[in-house]
Amino acid sequence: MRKEVPLLITLIVSIIVMLSRITTGPVPLIGISMPELFEEYISPWMTVVSAFALCLASVNLIMVHSGNISRKRQEWVYSLILLVTLIIYGAFCTYVELNPDNETAAANYSLIYNYILSPLMTGQWACLAFYVASASYRAFRARNLEATVLLVSAILVMLGAAPVGSLIWSKFPTIQQWLLDVPNMAGQRALLIGAAIGSFVASLRTMLGIERSHLGIGGSS
Amino acid sequence: MNLIDKLQNVDTRIIYIVLLITLSIPLLHPIGIPMQINPMTRAVYDIVEGLDPEKDIVLLSMDYMPGAGLDAEVCPIAVVEHLMERGIKWVAISFGTTDGPMMTNRIITDLERRGYKYGEDFANLGYMAGGENAIRLFALDCLSVPTDVRGNRTSDLPVMQGIRTIKDFAFVMQFSASTPEAWIRQVVDPMGIAFATGTVTVCVPSLVPYYNSGQLKGVMGGVSSAAQYEILCNKPGRGASMMDAQSMGHLIIIFFIVLGNIGYFLSKRTKENLAAK
Amino acid sequence: MQISTNIWQWISVACIFGMWSLPLYKDNPFYRVCQNIFVGSCAGHAIGIAVGNMVKYGFQPVIQQSQLHLIIPIVLGILLYARFFPSVAWLSRWSVAFLVGVGVGQAIYSSLRSQVINQAVAAMTKFPGETLGTTVNNLISIIGLLAVLTYFLFTIPQTRFVKGFSQLGRWLMMVTFGVGFGNVVSGRLSVLLGELLKIFQDWLGLI
């Protein structure tokens, strides 16, 4: 029961969703068409369940860091800072969401969002530029012919994409555009097709219950 | 330590400082290098230019987060400026990230300060959970979002009058820090709507097949596309001001690559000579 | 130079420098504090938006519009949290099964149509082109597409032709990844530039 019911749910729901694209007429014995079943029931249900799923990671975070604080593990002070921040933002954002006509609360939340959360996130992502520079210097080596091809195409794209490239040689932007539109497109299209076929196969396996790892049952049958 | 070893072992922090200085100087003293317009960016501009302010309403899916930085933020700002200049109404919604409504609010706050009216010229419908499924649900019934971020009933908003399904929008554009496959799968191919995307520079190569096949009518990729769009609109903004520094950044990265490889080949030759002896 | 007197601008720049202190200096308590505030604030924001969605799309329609069928997804949503209680953790599988079922149903139909069929049709119908240049480019695209696909076929006999063709695919992928890396560099630099612009323009007033 504990394994079979979830597999049955996956099979039935996926069949309804799939058939909602293909069929139009009413299903015998049920009296409602698959598209209607999907639009009236399955789709709104998915929105609600997804909303509950959004909080899962945050709840896990609360449990882990609460454990750190209660057991006074190493660097528990940072866990305390994390939890206090989480509670402040969580409470404030929840209040704003449930009271959307309170413009003052919304404006104040925007302040802590735009001047604390946003620069922290952007500052973190901006560090990637430093790491790209460091990786370009330390790791990007033309060890063989293939790596050289990769390196040369990267340099040509960088020279073509930036306005200074056209100052150095007027053909750089044309070369960059050609690299993007022809060989890159061919490679990307092939990767796209391959990934889509792989996704289709994985979806079919999941639908038929051959792949069960998403349920924590373990591996494939 | 000889020169070859020094060449291969420059302190990482020195690299970071050199990068910061190289980027800062052109920001403070712009050079004004002219830039060429990418056909994918021009395609988006032409679509917006061809819209009718009397009857066309645009849907903007704001699916980027602040972490993507100005690379994601300048594109929607440029497009919204163009829409407001032409008097075209727009509606924003978010499916891909919970940060979308806050990013939209930044743009709306600035527009309201300049005298535009929320609800009449634009609206923010907030975030709808469910990902790809939510996109399809909204496409089939736009009133499945009951209220906007300010608590107004969606059906009562002046800008939403006459909008029932996604086909009632003249043009749909998604701004994200990733690729628009969900939109293409759920809405573009089944319903045949005019759709374009604004994304970060990193994702542009993977979108070229979709532009080539016609599934995407236009692609804006990051700061350079936004700068080109600003120039097409004759309103240079943050995007255009960053392009000189972007150029210098590219040159310094190429310099680091070449420097690293010079050190690598010199040390390789030295080792081979020593081995031969 | 006109340094901003807005306290929020100073807080914002302090946050940026806090995050940059790791690569530019070393691991330090200021960076750790900023990192934990970042994680906590993102998680808190997600909770707020999630609760808003739960009420807007779940509880309000049940209470105000008597859409009682929405009780089922509300129960499924609550069951997701059963995973934190070992004795009833198996109940969360029902919710996950529902989520996965919808995703899988969407993927089976739409990925084949949009990403395989439409892309294959586009590759074939673009050839030949209007001019000689376009025709040559489209020919290169088709050959490149087939070469890369051949590279990933591991279950066919590797004859001399297949091996050579897949090697061509490998070369093409190197160009694809090189183009990708060029764009990655461009994109990452843009994010850093955006922060520098905020520091010089919004905080220091130098631009």
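So that you can tell them apart, the chains are marked A, B and C in the order they are listed, and the count of residues begins at 1 in each.
One rule holds for everything that comes next: contacts are C-beta pairs under 8 Å (C-beta built on N, C-alpha and C of every residue); 3 or more make two chains touch, one makes a residue touch a chain.
Please read these numbers as outputs of a predicted model, since none were measured by experiment.
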Chains joined by the largest number of C-beta pairs are A-C
Which chain's centre, taken as the mean of its Cα atoms, is farthest from the centre of chain C? B
Report the inter-chain centroid distance for chain B and chain C in whole angstrom, where each centroid is the mean of the CA atoms. 13
Distance between the CA centroids of chain A and chain C (whole Å) is 4
CA centroid of chain A to CA centroid of chain B, Å: 17
Among chain A residues, those touching two or more other chains are 21, 44, 46-48, 50-51, 53-54, 113-114, 117-119, 121-122, 124-126, 129-130, 132, 136, 151, 154-155, 158, 161-162, 180-181, 184-185, 188-189, 191-192
Shared-contact residues (touching 2 or more other chains) in chain B: 12, 16, 19, 68-69, 98, 128-129, 133, 136, 147, 190, 204-206, 209, 212, 224, 246, 249-250, 253
At least two other chains touched by the same residue of chain C: list those residues. 23-24, 45-46, 49-50, 52-53, 57, 102-103, 106, 110-111, 114-115, 119, 176, 179-180, 183-186, 188-189, 191-192, 194-195
The answer for chain C against chain A in the complex is residues 8-9, 11-13, 15-20, 22-24, 32-55, 57-58, 69-70, 72-74, 76-78, 80-81, 84, 90, 93-112, 114-116, 119-120, 123, 137, 140-149, 152, 169-186, 188-189, 191-192, 194-195, 198
Inside the complex, what are the residues of chain B that reach chain C? 12-13, 16-17, 19-20, 23-24, 27-28, 68-71, 73, 98-99, 101, 126-129, 132-133, 136, 146-147, 181, 184-186, 188-190, 200-202, 204-206, 209, 212-215, 221-224, 238, 241-242, 245-246, 249-250, 253
Applying the document's contact rule, which stretches of chain A touch chain B when the two form their complex? 21, 39, 43-44, 46-48, 50-51, 53-54, 99-101, 103, 106, 110, 113-114, 117-119, 121-122, 124-126, 129-130, 132-134, 136-142, 151, 154-155, 158-159, 161-167, 173, 177, 180-181, 184-185, 188-189, 191-192
Partner chain A, residues of chain B touching it in the complex: 10, 12, 15-16, 19, 33-36, 38, 65-69, 98, 102, 105-106, 109, 128-131, 133-134, 136-137, 140-141, 144, 147-151, 190, 204-206, 208-209, 212, 224, 243-244, 246-254, 256-257, 259-261, 264
For a test of understanding, state which residues of chain A touch chain C in their complex under the given definition. 2, 5-7, 9-18, 20-22, 41-42, 44-63, 75, 78-79, 81-98, 111-132, 136, 146-147, 149-158, 161-162, 178-197, 199-200, 203-204, 206-207, 214-217
